[in-house]
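Multiple structures follow.
What follows is a pair of complexes built around chain A, which joins chain B in one and chain C in the other.
And now, the complex of A and B:
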């Protein structure tokens, strides 16, 4: 059974590439354009991994992460945060709130893939 | 005549007198006894003896009276004279009648003379000391006026003892940017800064002492200073440096090490601009780094997809290419925006100073025109087309060197005889030209001149003209105009804004008067005694004020149109710390009132309304006793506005009209002019609120000693006396 990954990012241009890449690697891919939609889809679809952008409309990545970690049903879902800021303080905040990994834009797609695989223990 | 001889003489006279009386008696007795029958009757003899005795008594009384006047009365008179003379210098005892008293008077006069000499000596010394103190003060004032920082000195209560012009300018602004006179002598610094902040800084002086206290017994090295950054009421950002003022005696208060601190000095730097610049620079870096990450992330991902996977469907490929195009143009736009907005902030700030363009050119012309060694002729320099309002931000030393180098090289290598300098504005840039007519010169040569390190007449610099101009954030090039046969080196520099007001000269103290910016006497104010009622009148601070109004009936809708006020601190009228504000009454002015105060509708247009002015005025009056002439009238206006303005004028109030009635109960008038005339105050500028306030202040100061003579020395006594006067019975 293929793993299910949710991409939560309001930036269409990055979603295009990540979606293409992950589908090609055989993952089932879901897309969310803002924080609220992301949280709803996480609850409904129970993906194995969420690629979570920090800066999103309606609800930011930190809040989504926090909400997910507050929900015991979602404890199995891994979270990989993507950020365009890359400050150390932000990284530690994300990890502190329960994210499993952190990547700063711009990142290499190969590294992203490697990180995804690592988190999904593949 | 010597005293012993006088004594002998007196004794001899006495003896003779007694002898004469005895002889006379004996003779009479003998004559009247005679033969029987021819002799006097016994009654006749007794009568004759009595007559003789009376004559003797009269004679001796006359003698004693003479001696009394000479030897008893005269010394007493002299004693009175002397008593009077001890009070006034320069007087001498008059010539005495008797020799002895003359000697005494001479001795006393000697004593008086030496006392006078001593007195004038002391007076001279006092005058000298005062003069040198005054000189030191003036020096200090001049120094402080020249400082580019604000300086404020306070005692431990936070009362301001000294400040410079710049501090006044920077700290007096209220929250709305108006001049709220927040800073003033004797005022509390806590009106400008948060009390906790200052107290915290004072505390921080302590650890600095602790570090060294063990090592340095005298504690002198142990004095530290504290720094903090804070905002003024007007929102300016200040970096403050605090150092303690040491008191010599054992005053109560903060102690640092072994030394008592009696106050503190604040040196303040306005860092608003610097901080803004730093903030802008940070913002730029942030926006470039963080703002670039998103687009770069998308770019990179799309590019990697395109290069990593050869078999992408055409539609998918177009989408990736679309992403690359979008993000690349978004990034470009972002860079353009950043470059435009921040270019000035990002350039390195080489020691650039603001200089008026005209001045720079004048110096340049002078230096280019200097006599050169080994050169017959001086180069003729003229300045033309100079924009006199243009300020430049340049390394003026380097730029002057560059201009001279170019001009002299032209003279050396092309035998140019005269050059011109011009300076014009070109958009937001300044265009500085060094040009000449005629002599041909090609571009390559000119370029190399600009790139060579500058060296002329033995003076050499490692820098080239280009280096210097780049330092000034400018550009320089060579150009020719074929039609006019003119050639020039053109330098484009960024024009600067005219710098803010330069420190102005200190306001000189008029003769015998201290500059009003100081008042060290406030150091002696006690901390706890803020119960105004029992404070001596002479110690209190006052706000002397007056208003002009549309009419005389506040309850019938008349309004204030002008408030003028000044302050009295330590019995001095502070002429430079004034409140002078016109007020838009929001109602028409009557012709009669315009005749009184001369304020027309036009003057009031655009002025703030009373609800805005009163809070500021209230702050001006803080911690003082309000003094006005017929103050009840003005207070009524102020109090009617309490609800509207949200401030309550519940200060203690003294009225010069009532005080005048206390002092001179029998005078028929207590008009301000009349009182001023009675007390010898010259009246000027009447019927402007501030002018009247000044006169009232002067009058009040003259009243203080007169009140003291009547035993009225505290605020409570003054108020009670006012209340007792007839006029006080009129309702406030």
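And now, the complex of A and C:
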């Protein structure tokens, strides 16, 4: 059974590129355009991994991360934060809130795939 | 009911009440919870100014001269409201130098002179004795009036009554006993009597209530209000002169002298000096006294005229003395309760005055008259007795009895010939003699001991000759010849027309000659020689009392003294226990070290500060002049030359200047530090803002880069990708690079505008043309959205001054924003141009989703895109509107948005006419008359 991954980002072109990349590798892909939608889809679909953008409308990535980690039912869901703000404080804030990994935009597609596989223990 | 026992019982009961108040006040003071540390109590205690003179005598005066009773209250009112700064300075000086009385004050100012203190004491005692007699007269006549109740019999005295049968003699003795119990229970270095002040304040309340009660009774009980009394009086021709403001011939000079005299009296009467200066707890209390005391005077005077007029009409032709109206009016109406209240009020007025005055005088007699004599003649005896504090108290007690007996004597001799007020004014005139030496001493450094002695003696002599002796002569105790024919038959020496000066009343006459002699001698003799060391030292302390330098207290002493000797000396006058406590406290203040060194034989040696401290302690008990002598007896003093004193004073003042300079510098430094901190915070804030912007910019740059890199890698890694995907991805890459380019251009553009380095090509242009050009440029986008553009652009509008390219940039931004948010198919944009009073207004309206009110300001912030209503955020850089707004503002206009959510948004901007900006351009055209505007 293929792993389920949710892409949460408000930049359409980024979503398109990552979606194409992950589907090509055989993953099942879900998409959310803002933080609230992302949290709702996580609860409804229980994906194995969330690729979480930080700067999103309605609810930012940090808040989504925090809300997920407060929910015991979602403890199995891995979180990979993606952000264009690569400062150290942002990285440590994300990890401190319970994210499992952190990648700075722009990223290499190979590295992204490697990180995804590592988090999914494949 | 008003039999003798009732009157006596009421009097004793009242005195008992006073004593209770005093005892309570002292007790609270000992517990450190002073009840007199209160500005109202302070102001009330000042009202000891109002004696039986006020209580009974004002009505008597008003019955003769109408409002002539008033000037003695106007003087104090003026002094308190305008001259309080003098009082403040006196308080400062007294506190700084531990001065105990007005004699001590003058003596201390002129080099701690025994002679001067003694002279002031003699003047005060002699001057005040008629005043005390006045109180005795008032109390004894009211007592005899009461005893004949219900008949109203004017007390008729004859000098033949033996002393033992004379009621007033016993009254004098009772008052003396009462004062002794009140004021001389223990010695205090500051010579303050908290209990006494509390009792005096109580008395002031009682006498005011009593007087107001009579006033209300007469005005509203016997008559029907103020109007009624004055109407009745106006009907009687003989009373009409009482109701005019222009009294007889000498009226104006008399008013003038009475105002001067009373203004000086309220400062310099020993009892006023005592309550207002010596007993002052906190100089801030002066603030309230400045209005409360005059208010008290006003209140106690309101009913004087009605009572006087009422009495004159009521007792017309019955020979009732107007001085007794306050009591006899209620008596005639059989108001026994009120009569008793009035009597107690009068008793209050009398006892208050007598107690404070005799305590003050006895302190002066003891410290400035008896002590110096003891020091001179019985030095040996004084040295032997270990503790002289008991002796001091006994001297004071003796002085109190003596003063009251002297008052009684004057009352027997001269009391009958004068009305109450006339007696009081004799005292006022005597006390006024202190003014030149005292006020001069506070404000003029040049005054000397010789000058003060000469001035006081001359003034006092003139007073005695022109006022006191005539008062004896008029009572028949001196031959009256010298009044009418002058001393030795020389007419020029007639005491009340001295040197032929006529046309003045006795008081003004005395004031004129005594002040002429007093001030002349004081200034004249002072100018003969420069002040000596001691005088110059004290002059500095007094004259500079209000400035900083007066409080620094340079120590002007050089010599050797042993701590033990000093403490023993102080102990002999204050009692060993008090001395021990005081010295220990001083040592603690000085930090234990520095105040004493050690002499050769190992005994601790006192430094100048300790010697000065001991002297000030002694000064509190025995006066500053005596203290000086006593300290000199245990200290081996080396005299300082005037140069040395001046040097020390100079050094001290230089030091103070330095320290002030230092303080100023330190204040400036503090201020500079604060400014630096603020600047630093501003810098950090700016830094943070810059950081935020940088972070925003990099974020905006990274986002398109992310897509570009991802798509490029996808294309690179998958050569067999479908052609459709390949073309789609390449298109997206191109789009993102365009976005990047736009972003970079706009960021640089904004940075240039914000830093003021942008190029502006200002020229006059037709806004309509600019708008049409912009709409043409965007028509392709509009067609793609299947939208429609409406225009409302009038012709022949005035030109505006702006940069064409920049304006097109603004219009394109607004138009493309509008297009971006339109719904495909049904979109509509409306562009308008309107004429305002001073410019043009452009509007760009769309029928898109609109902007919520809370977001209408945000859209003009950098990188702030408002797009919550949609799932995806709008394309664009988030810099278009901020740039547009800056461009419009650069040309003097305004850009804003009006919107109702759901009904579209309208962006509007204004631009001012060209003429305003470039008047030079239209001047040549003015002549042709063809101006466009």
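Some points to look at:
In the analysis below, the second predicted complex is superposed on the first by the 122 of 122 C-alpha atoms of A that agree within 3 Å, B and C clash if a C-alpha of one lies under 4 Å from a C-alpha of the other, contacts with A are read in each partner's own complex, and residues count from 1 in each chain.
The working rule: a residue touches a chain if its C-beta (ideal position, glycine included) is under 8 Å from a C-beta of that chain, and two chains touch if they have at least 3 such contacts.
Remember, predicted model here, so these are calculated numbers, not experimental data.
Of the two partner chains, chain B and chain C are each touched by A:84.
Look at A:105: by the touch rule set out above, it reaches both chain B and chain C. Residue contacts after overlaying the shared chain place A:113 against neither chain B nor chain C.
For chain A, the partner that touches more of its residues is C, with chain B and chain C as the two candidates. In the superposition on chain A, contact is made by A:18 with both chain B and chain C. Once the two complexes are laid over each other on the shared chain, residue contacts for A:74 go to neither chain B nor chain C. Look at A:33: by the touch rule set out above, it reaches chain C but stays clear of chain B.
In the superposition on chain A, A:58 makes contact with chain C only, while chain B stays out of contact range.
Note: residues 11, 13-14, 16-18, 20-21, 24, 84-86, 104-110 of chain A belong to the chain B contact set and to the chain C contact set alike, using the contact criterion stated above.
By the touch criterion given at the top, residues 289-291, 293-302, 304-305, 308-309, 316, 319-320, 323, 326-327 of chain B touch chain A in their complex.
Considering their complex, residues 10-14, 16-18, 20-21, 24, 33-34, 37, 55, 57-58, 84-87, 104-110 of chain A touch chain C. The touching residues of chain C, counted against chain A in their complex, run 695, 698-699, 702-711, 713-714, 717-718, 725, 729, 732, 735-736, 867-868, 871-873. Per the touch definition, chain A reaches chain B in the complex via residues 11, 13-14, 16-18, 20-21, 24, 82-86, 104-110.
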